[in-house]
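Read from first to last, the chains carry the letters A, B, C, D and E; within each, the first residue is number 1.
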Amino acid sequence: MDLTPILPEISLVGLAILVIILDFFTRRKGTLLLVAVGGLVVPAAFSATLIGRTGSYLFDTVILDPYAVFFKFVFLLAAALVLLASADYVDRFRLYDGEYYALILLSATGMMLMASTRELISIYLALELATIPLAVLAGLQKDARAAEAALKYLLLAGLSSAFLLYGMAILFGLTGATDLVGISRGLPEAAGLNRAALAMALVLLVAGFGFKISAVPFQFWAPDVYEGAPTPVTAYLSVASKMAGFALVLRFFSTAFANAALDWPLIFAVLSVFTMTLGNIVALVQTNIKRLLAYSSIAAAGYVMVGLASGGDLGASGLIFFLLSYAFTNLGAFIAVTAISQQVGSDDIADYAGLARRAPLLAFALTFCLISLLGIPPTAGFVAKFYLFAGAVQQGLLWLAIIGVLNSAISAYYYIKVVRAMYLLEPKVLGPVKVSAPVALALAASMAGVLLVFIFAWPIIGVTEAASRSLFVR
Amino acid sequence: MNTSEPAVVAAFYVLSAITLGGAAGVVFGRNMFHAALFLVASFFGLAGIYVLLQADFLAAVQVLIYAGAVSILVVFAIMLTRQVERGNEWNQLRVPGLLLGLLLLIGLLAVFTQTQWAAGTGPYPTDTVQVLARQLFGPWVLPFEVASVLLLAALVGAIIIAREE
Amino acid sequence: MTITLTHYLVLSATLFSLGLYGALSKRNAVTILMCLELMFNAVNIAFVALTRVVAPQLLTGQVFALFVITVAAAEVAVGLAIVLAIYRQRRTIDATEVDLLKW
Amino acid sequence: MLTAIILLPVAGALLLAVLPPDRRLIRAVSVTFTLLPLLLGIYLLANFNLTQAGPQFVERVPWVRILGFNVDYYLGVDGLSLPLLLLNLLLGFLAVLVSWNISYRDREYFILLLILVAAVSGVFSALDYFLFFLFWEVEVIPMYLLIGVWGTGRREYSAVKYLIYTLVGSAAMLFGILWLYFTAGIGTFDMLELGRLNLAREFQALVFLALIFGFAVKLPVFPFHTWLPDAHTDAPTAVSVLLAGILLKMGGYGIIRGVVNIAPEAARIYAPLLVTLAVVNVVYGALVCLNQVDLKRLVAFSSISHMGYVLMGIAAGTQTALTGAVLQMVSHGLITGMLFSLVGLVYDKAHTRQIPDLGGLAARMPIIGWLFVFAGLAALGLPGLSGFIAEFLVFLGTFPVWPLAAILGVVTVVITAGYILWAVERVFFGPVKRVALEQVGDANFVEWLPLAVFAAMIAFIGVYPRWVTEIINVTLPQLVARLGG
Amino acid sequence: MAPDLAWLFILLPLLSFLLCVFVTRPYPRLSGYVTIAAVGATFLLALLAFWAVGNLPADRTIESSIQWVVIGGSVLKVGLVIDSLTAIMLIIVSLVSFLIQIYSQGYMAGDPGYSRYYAFMSLFTASMLGLVLASNLLLVFIFWELVGLCSYLLIGFWYQRPAAAAAAKKAFLVTRLGDLGFLTALLVAFNATGNLDIRHLIDLAEAKQLAGITLTAVALGIFSGAVGKSAQFPLHVWLPDAMEGPTPVSALIHAATMVAAGVYLVGRTLPLFLAAPDVLLVVAVIGGLTAFIAATMGLVMTDIKRVLAYSTISQLGYMMMGLGVGGFVAGIFHLFNHAFFKALLFLAAGSVIHSLGTQDLREMGGLRRFMPVTFLTMLAGALSLAGLPPFSGFWSKDEILLDALRFGGVGQILYVLGLVTAFLTAFYTFRMFFLAFGGEYRGVGPAPAGHSHHGPPHESPPVMTVPLILLAVPSVLSGFLAFGGIFGTFGEFLISRLPWHPHYEPGLDPTTMALSALVSLLGIFGAYAFYGAGWVSPEAFTSAFRPIHTLLVNRYYMDHLYNWIARRVVLGVAAVLDWVDRYGVDGVVNAVAELAVMMAGSLRLLQRGWVQFYALMVTFGIILLAAFFGFFGDLIALLRG
């Protein structure tokens, strides 16, 4: 049995266990972090050895293709940045910092598997492995809000899982297969009378995945959980978890329903409209930065679904590129928020007043990320937006593209509200804001990412395009 | 699996009644402890259904994990939260919840009653444990391992969440 | 009178809907978790029943159900832990009162 | 060369970010890094080949070659863009001088100013639609901050309004660009290449609307103009100068290069609509000016009126009218830049811009007063100054096509004269109105130096417009041929 | 004379303008000298040009032009031409300007804006010379606007006086109203011919190659400009107010030269009018009407400069009427004569004002004793204006009346109107004269600020009186140019070197001469009766004609009407539009924003923080989607083809 395809995951689990064990022996602040972040080199190295390999392993439960490998790296990177960003935050749950790091790593393992499997049972387990640690992480802080966030996350995750499973059961019943390729082979035969069953399965699957990617109307948990969870966890939720969801959804639908006589992109097109519009509009009236970013990330999910709806190579490539750009951008934003709230002691946008004078670099970093979210150059977000909507237009989804671009214009209003607070208002309190080295490093890395993805957009698009193409190769 | 053996038919209906009755007890019961007991009953009913379906290993697992472990956890939680006196109240969504539940049920029934399911080949094994073992440690070894990691994560998580400072 | 696959599926659907109804309309968080468990069990019935028809030799559905049981157990464990945490913080596990985070 | 013009201010901005925040150093760097591009621009002008219609000083590097996506780093200037590029460089330099007295957070201010200038240079030199859009978008945030942080009055409202309007416009534009790209199907964003196609009439008619919307907001065209008075009024002086002087021109330039040239048939279809809007702009803007009590707001509305002539010229589509339109953009950039600088000085010294609170200032600040009269006369189209010939060419070119519009434009000249002279009378003439105004001083050297440059340029172009029209007419004939006019 | 030398006419004073602005501003006297030198030089040049034109072969002119703007096939040229008309105009402008610049040294002495005054004066002279030299309509228009600018700047010279500032603005706006027509005429002409060269247009018009509508539009447009510039009814209202400027400015710009530019322009383009007889008739009627109306208003003015201003309007109407009845030579001759005597009258009035510090006739009187030179020179000017033979005004006025008579039809009515106007002119001229110089001094208080002189009236310094004397000479004698001169009579010279051949029929009509001399005498006598001898009380007389008097004093309520239109209508519309802009157009925008926020406000209510509600929504979503896809799936598939 060739285990090399899952060596990154195995080593990641090993790292998580190592961190937990080390936690018993070391009390020195920083050691664990160093081990957790530094240890990521191992899975990264293993992933690197997988570059260029394609194929199906471990009884077809693991897939290796550029798509999977690409996402392995992205999740490792996201995990690393989130870990770094947590350096100061973990003081709030000092006792459990080892477990905190370990759970992040375990969740990352689940995400990596989500991107590299195409078999229902594995998908389900990978999904749960990614989800359950997140519920714990959300509730790690011993306060009412964190616990509430965890409860909401867990309950709705459970409900979604139930729907998802039901959908999978129907698919299984229709085709007798659990691997997506087998399902796609079986589906055309299951047409005709079974349309209703297929539609029901599709809807249930969308509902199940919709939770992960926070698509309307399955998005309700997001703002509450984002607000209540520790900010680095929020970052992780909004970036890594969502990316994993999309990575899975894209592979799932483009593989399983490739031959189905069912217009599944349409469902995403419709949801996309509602998702981005709701996200953007409700964000207009938010006063808490984390909630604001939560709604913004709902809106972003709407944009990504434009890529899903577009289908085809360009759509998929646009989606992947958008996710990458979004990863750096949103991580950057949340890391900045983490650093700021650590000092300012509030997530209220009003308390960001005059931040540009107290912490010019931090304010600039946040602004830069917000600009990227808004899709204005010179940031990754600009290219991502352009590229994503290009896919929609290419596929003739003009109406969707129009709604999309208009939405992105609306979003300016609330992003700029934050910029306004930081730059236009006078500080209420004076005094500089300090940022610890790991957080600064994470922030710098995110910003570099945002800028570099913009500058080297085209080589990177080459990669995303290869990744997307590998999805459609049978 | 289609069978018209009277004993099986009767068993099916009795077990279904137990299962659904137990579930209804959970939902409609007024007392939390009763609800937990109804849950156990429902789990047992399900185990019976599995036996009817000749999934004996699964029935055993169902009894062990659900009727045993999960139920005990639930009872612990009920006792620890000391909310028994409030009973098992309804919230304001009683009517819309019922409506939506019924709608979903109608949809599912509509699907289930008219779908042509895929036709598998081959006989049903007599010894399901052996087949399951081979399957679990064969094709589904990865999920199996993932499940173990998942349990580890849940274990760690449950401990640190539940622990008092 | 013949017991067919459809019978089992109807049982599954009914149990699922019942569980959903409970999850939607009961106040107690523990009850909600219990109802979730019922829903997972309903899924399991469907898997186990279906596998006899669509993959009788491989028992895929039973394998699936086994994993669902495992995951559900893990989920309920974490869930109950969280309920305890909520109770410690808020002295209530009424889901309608857990609404600090909104809008 | 063009790259250097674009990147030099960016380099200046970076330098400012790392250098110590010393007042004199900041100004030295800002002046240097706006003057150098200006000198380079003058070098371009000197070496511009008046017989070559296509773009010159071309820099073209393939940038993307993926999945039918071909983007080039493609810079170049032709007769259409060179005057506007130079205008931008000049105004950028002058804006630094005008900002000399900024003391609040001056380092950030100049950084943003430099980025703004660089972005606009990019817009005027980009020949690839993607690149054009990129530069177009870069400008938005610095402008928002400049208005929002250093503005006056309802600066936050105005800044956000500017931002939202611009972004809604550019959203439509983004859609239009993509649609154009995929429908044209030649796999390039090259604006000139796209401008040689003959796209289907129906498609032109639709994509025209999407593309022009963004530019129309910027120009601005009624009824999308209401951001302008607010933004101009509340922006700091130098930013108003750039906003009115340059950013509006991006709209006019964009319409010519990015819309009309690519969808000429649609331009013919929509010409009645455009010319109607142009007349509304001209007349409406002028009339509303009469009711303004804030001097700066008055100048802002006058911009709406004057930019209406640009739209009129474009709608007419004859060579004369288009020459007039482009010349009007250059001329208006200078005139309004000068007017805003002057209003800024008045505000600095008298601490109010409310016309009823001012009066008799010419006696206290003769330089400012008479320069204001000069600029006002230029704005009302006095022959010998640049505004006249530009508007005259627009009229001349429009009259054969849309006689009524041209005549309405001519009539508005009186209203223009009315609000300008009335404002001059109320602000500068008559006895000194309040005791507080007795003490106000006149402009010092740094203050009147940019004004002198403005005045010289206005007079120079007014007396010898061929200097500009020759350049414009190197490129225009092709466009006119496409328009069939 | 080399054709390109013509540009010197413009460049010399322009240079002086630039010098005054940038170099000699701190040294006022120097500015004066520079200007005087420059204008003097142009006068010499004008003489040279006159001599050169006179020696040209018949029908030849001196021309020089450059291509100003070239756009594709169309070329905008600007060029200068010196022909006989130009030569005459050059002499008028440069000579009057020269004398006035000298005079101004005295009048403006000590004014803080002395340098500015001379700068503007230089600019004006440059522009005015450019205007008369321009060979195409575009350049005419350019200088036309520039002289308007100088008029604006000089009326508002004492800008600290609200009245001056308002008058300046009014002058600019009202003339610009007329210029709209002019500009439109340019558009029409260029569109029709692709050329704005006057000679070209005249050739086309004479060859009947222009469509009637085009011709009418162009002629009407040009006349509209002339109405504004030459203060013809109904745009005459700015000129009386323009008297707020320094008196030498009034003399130069608002009497001798700029206001005559309208007449000059109509004269220069007269063939276009001749080819469009309807417009020609309009010119004649408007001219006659203006002459009469202005004269009536002149009767009741108490401000010495305003009397002169109305007389100017009236005389300009006379000239316009002359042109309108086809009397090219008569009109231009009157322009020529009027330039001198009206400049003289203004300067003399300026001398009075300078001495007394008031412009109010009621505060003057008996000045003949204090200011003998002024008295005598003003008498010469007044007699010329009144049209008494043999003073210059008589001869040209007579020719105009004769041409009107010859014109026939409406011309005969205009003839009568002209005679009545001549009577009125003589009356109000001498009313003014007697009020100022006759009787006893009625002056009171000290001179207002700005004038340094106090005490009793006194004669002005020589720097002022010498120009008066020099101007008195042509006022008395220039009429005789009708009978001979260096290059033939005025008329012969005028028509000899033009791009077209005006109809000119020299000759005198004894009846007309007698009639006009008689009405002038009657007018003077009447004025003497009222104001010189006091036989009739003016007060009693006016109270007898109270309504008419009120109407005249209120200037036919025309200013009221214009003010009402400007204040109520234009500003009212502006206010309404501004309101619409703020609350209508912008209101929609803000409403959209409000709507979005409202939507946000209601949508966020869904996010009520209650997890089961979320679960409910999820379920609801599933059911909706299922319904959508289950039931409408086929429909959608159908719709999407």
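Brief remarks on what is shown
The rule is short, and it goes like this: contacts are C-beta pairs under 8 Å (C-beta built on N, C-alpha and C of every residue); 3 or more make two chains touch, one makes a residue touch a chain.
Since the structure is predicted, the reported quantities are computational estimates derived from the model, not experimental observations.
The chains in contact with chain B as well as with chain D are A, E.
Which two chains touch most often is answered by the contact tally, and the pair is B-C. Comparing each chain's Cα centroid with the centroid of every protein Cα atom identifies chain D as the most central. One inter-chain figure worth recording: chain A and chain B are separated by 31 Å, centre to centre, where each centre is the mean of the chain's CA atoms. Work out the mean CA point of chain C and of chain D, and you get 65 Å between them.
Note: centroid distance chain B to chain E, computed from Cα atoms, is 102 Å. Measuring from the averaged C-alpha position of chain D to that of chain E gives a distance of 36 Å. Under the contact definition stated at the top, the residues of chain B that touch 2 or more other chains are 91, 93, 96-97, 100-101, 104, 107-108, 117-120, 140, 143, 147, 150, 153-154, 157-158, 161. Residues of chain E in contact with two or more other chains: 604, 607, 609, 611-613, 615-616, 619-620, 622, 626, 630.
Annotation for chain A: residues touching 2 or more other chains are 121, 124-125, 128, 132, 135-136, 139, 142, 150-152, 155, 159, 166, 173, 175-176, 196, 200, 223-224, 410.
Interchain contacts (touch definition given at top) occur between A-B, A-C, A-D, A-E, B-C, B-E, C-E, D-E. Of all residues in chain B, those touching chain C in their complex are 1-4, 8-9, 12, 16, 19-20, 23-24, 26-27, 32, 35-36, 39, 42-43, 46, 49-50, 52-55, 57-58, 61-62, 65-66, 69-70, 73-74, 76-78, 80-83, 86, 88-94, 96-98, 100-102, 104-105, 108-109, 112-113, 117-125, 128, 131-132, 135-136, 140, 143, 147, 150-151, 153-155, 157-159, 161-162, 164. Chain E makes touch with chain A in their complex at residues 596-597, 599-601, 603-604, 606-607, 609, 611, 613-615, 617-618, 620-622, 625-626, 628-630, 633-634, 636-637, 640. The residues of chain B lying in touch with chain E in their complex are 91, 93, 96-97, 100-101, 103-104, 107.
By the touch criterion stated above, chain A contacts chain D in their complex at residues 313-314, 317, 356-357, 367, 371, 374-378, 382, 385-386, 389-390, 393-394, 398, 401-402, 405-406, 408-410, 412-413, 416, 419-420, 423-424, 457-458, 461-462, 465.
Interface residues of chain A, counted against chain E in their complex, comprise 151-152, 155-156, 159-160, 163, 195-196, 199-200, 202-204, 206-207, 210-211, 216-218, 220-221, 223-224, 262-263, 266-267, 270, 278, 281-285, 410.
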